[in-house]
Amino acid sequence: MTGRVLMEAKGVDIRFGGVVAAHEINIQIHEGHNLAIIGPNGAGKTTFLNICTGYLKPHSGQIFFDGADVTKLQPRHLVRKGVARAFQIPQLFTEHTVLENLLIAAAAQSRRWAPFVPMQRIPERDMMVELLGMVKCSHIADRPVSELPEGQRKLIDIAIALALKPKLLFMDEPTSGVASSEKFEVLDIIANALTEAKVTAVFVEHDIGIVERFADEVAVWNRGEVTFHGTPGDILSHPDVIRDVIGEEV
Amino acid sequence: MTLQLLALAIFDGVAYAALVFLVAVGLTLTFGVLKVLNIAHGSFYAMGAYITASIGGAIFAAGFSPWLAFPLMLIAGALVGIVVGGPVEKLLLSRIYELEDVLQILVTFAVFLILEDVQRLIWGGQPFFESSALQVLGTVDVFDITYTVYQLILLPMVAISVLVSLRLFLRRTLMGKLILAVTEDREAATSVGINAERVYFVTFVIGASLAAFGGALASATTSVLPGMGADMIVLSFAVVATAGLGRVEGAAVAALLIGLGRSFAVYLWPEIEVLVPYLIMLFVLLIRPEGLFGTTHPRKI
Amino acid sequence: MSLRTFLPAVLVALVAVLPMMAPTTQVLLTLALAKGLPVLGVIVLLHAGQVSFGHALFFGVSAYAAAFLARVYGGGELISMVAVGVLAAVAVGLVVGIFVVRYRHIFFGMLNLAFSMIFFSVLEKFYYLTGGSDGLPVPRPTVAGFDMERAGFETVLFYLTLALCLVAAWATHRFLCSPIGNMMRTIKTNELRLEYLGVSARGVLLVGYLISAVLCGIGGALMAVAQGVVTPEYVWWVRSGEFVFIAILGGSGSVSGAFVGALIYEAVRTYASAFANDIWKMVLGVVLLGVILYAPAGVAGLYAQVMDRCRTRPANKTVDEDQ
Amino acid sequence: MMGIRNIAAALAMTLMAGGAALAADKPADLKVGITAFLSGPASIFGQPAKAAAEMIIKDMNANGGIGGVPVKAYYVDEGAGGEALLAEYRRLVQNVRADVMFASISSGNCNKIAPLAEDLKILNLMWDCGTQRILEEKKYRYVFRTQANAAPEMLATVLYLLKTKPDFKTIAVVNQDYAWGRDSWHIFHTALKAMKPDFKVVAEFFPKFGAPDFSTEISRLQALRPDVIFSTAWGGDLETFVKQASQRGLTRNSTFILPLAESSLQGFGKALGAGHVVGGRGDHYFLHPEKKNNPDFKKFVADFKAKTGAYPIYPVFHMSQALAALKTVYEKAIAANGGEWPSHEQVVDAMPGLTFAGLGRPVTIRSDGQGIEDQLLGTSVVVDGYDFPLMDNMMIFDSDVITTPVGKLSADWLKTLTPAFIDRVPVKTYSR
């Protein structure tokens, strides 16, 4: 595997009560290599995302981003450094419209507080309209996000993360809640947007078809540990993985 | 400060803490289950006190034994809990559990405002002072200082027995276990088929009764007057927040802390007496935002 | 100009000329408008989903600051009194704000209450400095250097208050529509996402908190000057509760709600307190329940609803096209 | 319509004020606005005062009113809060066109109202509030006080204490934490220090106003055992404090000095016991030693008891004085105006130097607007036939000498007193 190391976890451990959610996790995330994380429910996949984005603090171990130790930073500090996140349950501003959600993100990204200028007039607006087009959501720009179906909410959630112009984007099950007939289409949209913005993605995914098509690397999680890590071709054909992870999925 | 004064300050602090605990524990119990900070809790306290003082005054004047004050206090507590607290939960609070936090607080604030004037209309604006219960127990001299048995011995004993029986109730009885389950995780509890509505109702009535019972006990030691409910709700909140919202045993510790803090202030620096509960609360929250015994559950994302 | 904006303009004009018709309403209107400002401050925080039960603190801090200024200089100047009041409110707002923005919901509300009660006690305790419960007199200040008789001064004060309210309403409206205003509003809906945008939710809430302190500050100083005296009553929890009440009554969704609510409240209070003093709190409680349960958007919300109906009724056909 | 009428009225008033020499027409009635606490804790003062005002005005009007004009009273509740009070005050002066205002019970409210009355150019009689500052710190034309103020009240208390218990060594104070509690202790302490340098203050407690519980303070006082415990608390606070102190035996160990206890005697019941100093903010007592056999006085006390169920307390006396001042000043102004109904300004001019008598001894208004009202204190005693304590060993101090001289501040003047002052004050002593 080549490419610059963007993020690295070294010996990360975390426990909740008696449950080990992460144990001796050592993994590197390379620039330009989209990493899929697979594994059974409760394996600690989301916990890993939480640790990498600063939401949880590991009990031991360290997280590096761009070579700097970021273990103790808050999510907002990591976002400022270029680590964005999309959530399993879309985290949207439910009293705002789709475009407003993106405008808030854009304003946050460019640190444009402008206390007495209406948000609709900020210069980033054009860019956000364009971004909406990129994720094929232009037609719902003025709809309140609370009215949208889950699939569209997921897209908006990811669009918000993209509006932050990240170097690294974590996505927690980007296609869950999307009808299976649309999954590929949705992920195509996302993948295009990612490529266009030159963003490295790490995504948790259950659908092996999606993983095969979009991931450059795959890491397998089991009981808080990384059991396998390699190219999709190697990993997805490994008998243990087929038995423990993929078998369960099918 | 001599050892004698230290002892005196502790006695005073404990007696005061006992009363505050009785009210605060009801508040924290209700909050734990309903997740609503009931500002009208202070009104229940005041009404318990008013009922005991006014009925007590009437029956003792008519020549009945002052010992009747004690059963009267229990009755007053239960009465307010069921007759006032019950309808408030059933008719009003049950309609607002889905509203935002802000509106929930405001609804209980509205109930508080209404009950304030209800008290004024029923009992008028002048203070009641009815201390037969306190007098009948007599006094006891400690270090040459006369204390009333009621404050020095009875109140702390009642507080301890309420704490113990509440623990037993919550851990040993079915209803108690249901209440604990709803306190821990409302969604999980309802998903396994617990009738949350009934649990809410019972908890609220118990909480209101405890407040009113606290008021009934307080009525023998203090004058009962308009505004006492407002003071008490703020003080109880200080106790509950210091302890951590929803913590029953913690409320006992926090009440003791605030009670002792207050009485030591009277001995050492009387001018800050009224500020002590807030200062303690601010100090604790500054260091532990979730309170002494509170826990934070990071949101699942 | 549409009917929706025309009517409020008429209302403002009416308020502006009413004192010429009925001079005794002038002071009443001044007080109501001065009270509308802290209500606006409460509304700003309600947009972040937070309710403060202690905002009278900043109202009182400003009023006392103005009174102290007048005392130190043996009489004051109106503009400098308001300015000093606002500065004091901001300074205290910063100290208290840094602490309370760490908390949400009940804690936020009650900690604000605790701070206001501490200040209330301090005002009563430090009697020789603050005049205790009797408060401090606020001698009539000069206006731009001119000494004025009461009647003239009250007229000046009324129009100054009205002007400040209009400016404050406009500025607050712009703030709530601005990027940072929108960020503050997301604290109500999704603070986690806000943090994941790289923004400190506490920082944003602190900005809102300071703006609300400024609004309280303007109102407090004006009130002190209008009343001619400041007392610890300015900081009492009942007054904080009153601000919240008016905000809900008027409608927390819009800035106009603050002033509409304050005018209605003051008018009813003035005339009701004469006969219904004994059940005044009960009336407040019942109205509050009614508004929350049946008209959660308050008077301003009702107005918007009526306007919507007026607009859509003749144009029913076009509604479908919007869908 | 309304607006025009108001403007016309305002113009008329301005003209009237300008042409003070013009005799005014006799009005249909003489409107008096009275502020008093009708709700809240201080309604224990306001309600009896209102009842007294109703009785006295009824009686006055039955006897021809004032100069043939009946008096009509408008009552305002001070308990509604400062803003409502000021709004209502303005309404009475500007819309109802009250001729005279009586305000108020609370010193805080007097502070708010005095400058307003001055600006509105309305005669305002401060009928009950105690703060000495208002008239000492500023010269008013329209504001007068028809009773004493805190300074002579506290000074008389000091004198009584020094005459009856000169050898005490230690003192503690338990006052309500608001302006009156702080101010009265300050005055008392200053005067006491000037006349008796050798005593020690062992504790100063200012529990908050309306405190329901004094247990901790009482424990502390029991440990300290002061000879004297001073408290200017009143109403529910005073009753609660005395009752809790009595339960814990504190009233047996220390002498209580209670300058406002006359208003709570009936509420104490058996709690206070004998031997404590009781005052009533003036020479006010329903068994006033010089008046108790006066038939008018006896009749008033009996009527008042019949009407309200209680004996009159000092606010009743204060109200009688304000109404007596009203009647007397109008009669004086009518006489000065050649029998014609006087203008408002003429009435105001007649106020300084006015002497009038309510239910107690006569009161005179000084040039600074302050009333000179004598002071009665006594020692509590338990007597058969009354289920509450009465007063014995009563002393009535002449107030000419104990009222702060015109133009001086009480805080400064009291410091200049010496122990010799004690015997210079004319005093009459009465036993029960």
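Going in written order, the chains are labelled A, B, C and D, and every chain counts its residues from 1.
By our rule, a contact is a pair of C-beta atoms (placed from the backbone, for glycine too) under 8 Å apart; a residue touches a chain by one contact, two chains touch by 3 or more.
All values reported here derive from a predicted model rather than from experimental measurement.
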* Structure fact -> Farthest chain from chain B by C-alpha centroid distance is chain A
* Asked: Which chain would you call central, comparing Cα centres to the global Cα centre?
  -> C
* Quick one: report the Å distance separating chain A from chain B, using the average Cα coordinate of each chain. => 48
* **Interchain centroid distance [CA atoms averaged], chain A/chain D, Å** => 76
* Asked: What is the distance in Å between the mean C-alpha positions of chain B and chain C?
  -> 33
* Rounded to the nearest whole Å, what is the centre-to-centre distance of chain A and chain C, using the mean of the C-alpha atoms as each centre? -> 43
* To do: Can you tell me which residues of chain D touch two or more of the remaining chains?
  => 39, 177, 206, 208
* To do: For chain B, jot down the residues that touch at least 2 other chains.
  => 120, 271, 274, 301
* Asked: Among the residues of chain C, which ones contact at least 2 other chains?
  -> 121, 125, 188, 192, 278, 280
* Structure fact -> Per the touch rule above, chain B residues touching chain D in the complex are 4-5, 8-9, 11-13, 15-16, 120, 125-127, 129, 131, 134-135, 139, 143-148, 151, 218, 221-228, 231, 262-263, 266-267, 270-271, 273-274
* Asked: Any idea which chain D residues touch chain C in the complex?
  -> 2-3, 6-7, 10, 38-39, 77, 79-84, 86-88, 90-91, 94-95, 107-108, 111-112, 115-116, 119-120, 131, 177-180, 182-183, 206, 208-209
* Would you tell me which residues of chain D are touching chain B in their complex? => 39-41, 43-44, 177, 203-208, 210, 212-213, 215-217, 219-220, 222-223, 235-236, 239-240, 243-244, 247-250
* **Interfacial residue positions of chain C with respect to chain A in the complex** => 171, 174-175, 177-183, 185-186, 188-190, 192-200, 207
* Residue ranges of chain C touching chain B (in the complex, touch as defined) -> 46, 49-51, 99, 102-103, 105-107, 109-111, 113-114, 117-118, 121-122, 125, 188, 192, 237, 241, 244, 248, 278-282, 284-286, 288-289, 292-293, 296
